[in-house]
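Okay, handing you the structure first.
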Amino acid sequence: MRGPLSRADMARRAAQDIPEGAYVNLGIGLPTMISDYLPPDREIILHTENGMLGMGPVAVGDQIDPDLINAGKIPVTELPGAAYFHHADSFAMMRGGHLDICVLGAFQVSITGDLANWHTGGEGAIPAVGGAMDLAIGAKEVFVIMELFTRDGSCKLVPECTFPLTGIGCVGTVYTDYAVFTIASDGVTVVEAFGGLGVQDLEKSTGLSLRG
Amino acid sequence: MRGPLSRADMARRAAQDIPEGAYVNLGIGLPTMISDYLPPDREIILHTENGMLGMGPVAVGDQIDPDLINAGKIPVTELPGAAYFHHADSFAMMRGGHLDICVLGAFQVSITGDLANWHTGGEGAIPAVGGAMDLAIGAKEVFVIMELFTRDGSCKLVPECTFPLTGIGCVGTVYTDYAVFTIASDGVTVVEAFGGLGVQDLEKSTGLSLRG
Amino acid sequence: MISKIIGSVAEAIADVRDGSTVMIGGFGSAGQPVELIDALLEQGAKDLTVVNNNAGNGTTGLAALLQARRVRKIICSFPRQVDSQVFDGLYRAGELELELVPQGTLAERIRAGGAGIAGFFTPTGYGTMLADGKETRRIDGRDYVLESALSADFALIKAHRGDRLGNLVYRKTARNFGPLMVGAASVAIAQVASIVEVGELDPESVVTPGIYVQRVVEVSSHTPPSTQGQ
Amino acid sequence: MISKIIGSVAEAIADVRDGSTVMIGGFGSAGQPVELIDALLEQGAKDLTVVNNNAGNGTTGLAALLQARRVRKIICSFPRQVDSQVFDGLYRAGELELELVPQGTLAERIRAGGAGIAGFFTPTGYGTMLADGKETRRIDGRDYVLESALSADFALIKAHRGDRLGNLVYRKTARNFGPLMVGAASVAIAQVASIVEVGELDPESVVTPGIYVQRVVEVSSHTPPSTQGQ
């Protein structure tokens, strides 16, 4: 049950909302794809939590250096004006609220902005948190990018998360294949819906009360 | 009421107890004088809390650089192998127990190793603590170097400090103009007395019970 | 294109308001952003809370700011110096509030302010009058004092070289509080001896990554003697 | 003359004992001290507690140490990976204790261990199962979790260049946990790609001052493929 936007389209849409001059951390997976669609006329500085500001595109061929990787352990490149630092400094930067935006994937986002993205909590599942909790609470704005529904049709924007939480009340904007939502104290607003859908269509499919 | 050792002699005596390879912080005043007497055959690395390891001698003439000063704000020099770091890193180094020895001056040291060296507590006295408390609790060993008596004849090695404390139970060795004392859980021991004095002479003049 | 470069120290500090908390870098004169302080004096904001290691030397820089009665409170570790007469007089007259903090605790509180850490347990100061009234705790057999983060509206610091992204390097012991204060302030303003092109600073050697710096202003080293620190 | 240089990785880790806590640098393979880990495997110490960001990849390095049943407990942030089959098996079989820590909290706890800070209040993890049972506190309207310092008997790390005093510089994102772990361990052992003369490292660019490092061992980059991390 996929919506009107492809994953590439979703990444492209989220990329539009990253302004000139922003310091941004893109999480592993779909969020990383956003870097391919950042408007070329904007200077945006990417942070990777393993110790770098000014990260460039994925390394290819001779550029590959095992000492220069991103948080997903993919070889990347360095842009002019980059800086390296150790892990405590890198997470101080995140925790201290210095990043403008971080973009994360999610299992679930609640209508109050709670985020669940690190652990299914299932029997026998091996937990691995990495930097997810630090990212969730650290950036000035937290964007989530995810398909709105699971493969079995469950809505991932939920009244209350059932998966173990990553952070409480931290998500501000959710980019999905059906719509872009913002979450604030007065509820969830549909900023933009795709494929001709209206707020009522989305209310019906999500089972949520939404603002237009 | 000065003892057999001059201030230079006291500094020379304390310098003998600083071993090869030690990382050392020398406090402002008399402790700083110790650097003039460090045995030249020992490689000893000096720390200054304003952000440097590998501090060299006081700068003279063209060496003077206003950006390179010690904790007493005196221009100093840099030795090969030096490193600069910011204040939080510098005090993490101190607080974290990485310095082998720090040498401090004192108003009073108690027989249980309490140190008072930052504030007379007098009416109208302006307090200034600087790095004194961090140094007192941070180094593996804390040496104090001071005259044993004040100008008016009061002993500065005391049953209990009457001046405001800098740190509790932190001083291990006290270098004075009359004797060198070590402080441990079993009391104060005279390691070496100067000018032909005996333990009984020192007990009489200090009013303390001392071990030989 | 990002450019954090500001044309003058006056512009750089124009929005400091009455009642602002301002961190000022430097240990003695090393790393003291003298020209930014002078601009702040000129600008006129008052009722300031200042965080600095010292409380002014002689009659220039921070001392001049104190003398002009712009500072309500100072948070520092070492106010009393041979040439701290301006501070001494105001403090004795009860015209300046002092929060005295051990130097390492001051540095760590500023770091905490920039690192999103609300408080920490430190052994420094335990059992002394500087821990009076503070929460203490015995952890693994040692006694600690709970200290809180410090943050600020503005940081004024001095660095050696900077670029338009705000990346900074420092010189020798003039580094001191600069890299900490820029993290703890909403608006961090760095005066640098020279602005360099992006890419000139070695990414392995950048001490302050640009993310922490909002404004960079080049200050020629040929300042008139009257505005130099001592 | 001070010299912290040790002739071989085997000598460098010879005194690791059964039950030791060992911090191991690296984020994935970047900064992983593969040769020191291999030497530790050879040496035979068991019942180890290991602190690392991950829990081994493939079948070499840390994974081999786990496979050989030398590790009783692992403190890490990200054990589960596509190639963490060794950890996965042992964990599922209940043969390996796991303490899972958010990555930034792990880094900050190690820093605290080296900085004499016993504990700190962090917002990370508040309200999640990783804060279960931990003390929390509301400070200035935000909720925080109290986390404690981590320290170790040994740290095994990889750096780029080092000198006989133990001064180190790193390469790119291989810096990661190295500069923190050397501070938190009683004995810090650095393998470096090359040893340089004292004075060759720029004092402004030294990342780890020698005070934190007890042993430096040069490891040629021409290691057999079987001991290379991935």
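Chains here go by letter, A, B, C and D, matching the order in which they are written, and residues are numbered from 1 within each.
By definition in this document, contacts are C-beta pairs under 8 Å (C-beta built on N, C-alpha and C of every residue); 3 or more make two chains touch, one makes a residue touch a chain.
Treat the numbers as computed from the prediction; the structure is a model and nothing was measured.
J.: Starting at chain A, find the fewest moves between touching chains needed to arrive at chain D.
T.: 1
J.: Quickly list, by label, the chains bordering both chain B and chain D.
T.: Both-contact set = C.
J.: More contacting C-beta pairs: B-C or A-C?
T.: Output for the comparison: B-C.
J.: Return the distance between the CA-based centres of chain A and chain B, expressed in whole Å.
T.: Measuring from centre to centre gives 54 Å for this pair.
J.: If you average the CA atoms of chain A and of chain C, how many Å lie between those two points?
T.: Comparing mean C-alpha positions, chain C is 35 Å from chain A.
J.: Just give me the whole-number Å value for how far the CA centre of chain C lies from that of chain D.
T.: That pair's centroid distance is 34 Å.
J.: When the centre of a chain is set as the mean of its C-alpha atoms, what distance in Å lies between chain B and chain C?
T.: 29
J.: Counting only residues that touch at least two other chains, what does the list for chain A look like?
T.: Within chain A, the residues that touch at least two other chains are 52, 78, 84-85, 92, 94-95, 138.
J.: Note the residues in chain C that touch 2 or more other chains, in rising order.
T.: 108, 111, 115-117, 122-123, 170-172, 203-204, 207
J.: Show me, using the given definition of touch, all chain pairs that touch one another.
T.: A-C, A-D, B-C, B-D, C-D
J.: List the residues on chain C that touch chain A in their complex, please.
T.: Touching chain A: residues 1-2, 111, 113-117, 163, 165, 167, 183, 198-199, 201, 203-204, 206, 209-212 of chain C.
J.: Quick check on the complex: what are the chain B residues that touch chain D?
T.: Of all residues in chain B, those touching chain D are 20-21, 23, 43, 45, 47, 52-54, 78, 80-85, 92-99, 138.
J.: Which residues of chain C touch chain D in the complex?
T.: 108, 112, 115-123, 137, 139-140, 142, 144, 148, 169-172, 202-205, 207
J.: Any idea which chain A residues touch chain D in the complex?
T.: Within the complex, chain A contacts chain D at residues 48-52, 65-70, 73, 78, 84-88, 90-92, 94-95, 119, 124, 126-134, 137-138, 164-168.
J.: For chain C, which residues count as touching chain B in their complex?
T.: Going by the criterion above, the answer is residues 27-31, 53, 77-81, 84, 87-88, 91-92, 100-108, 110-111, 122-130, 143, 170-180, 207.
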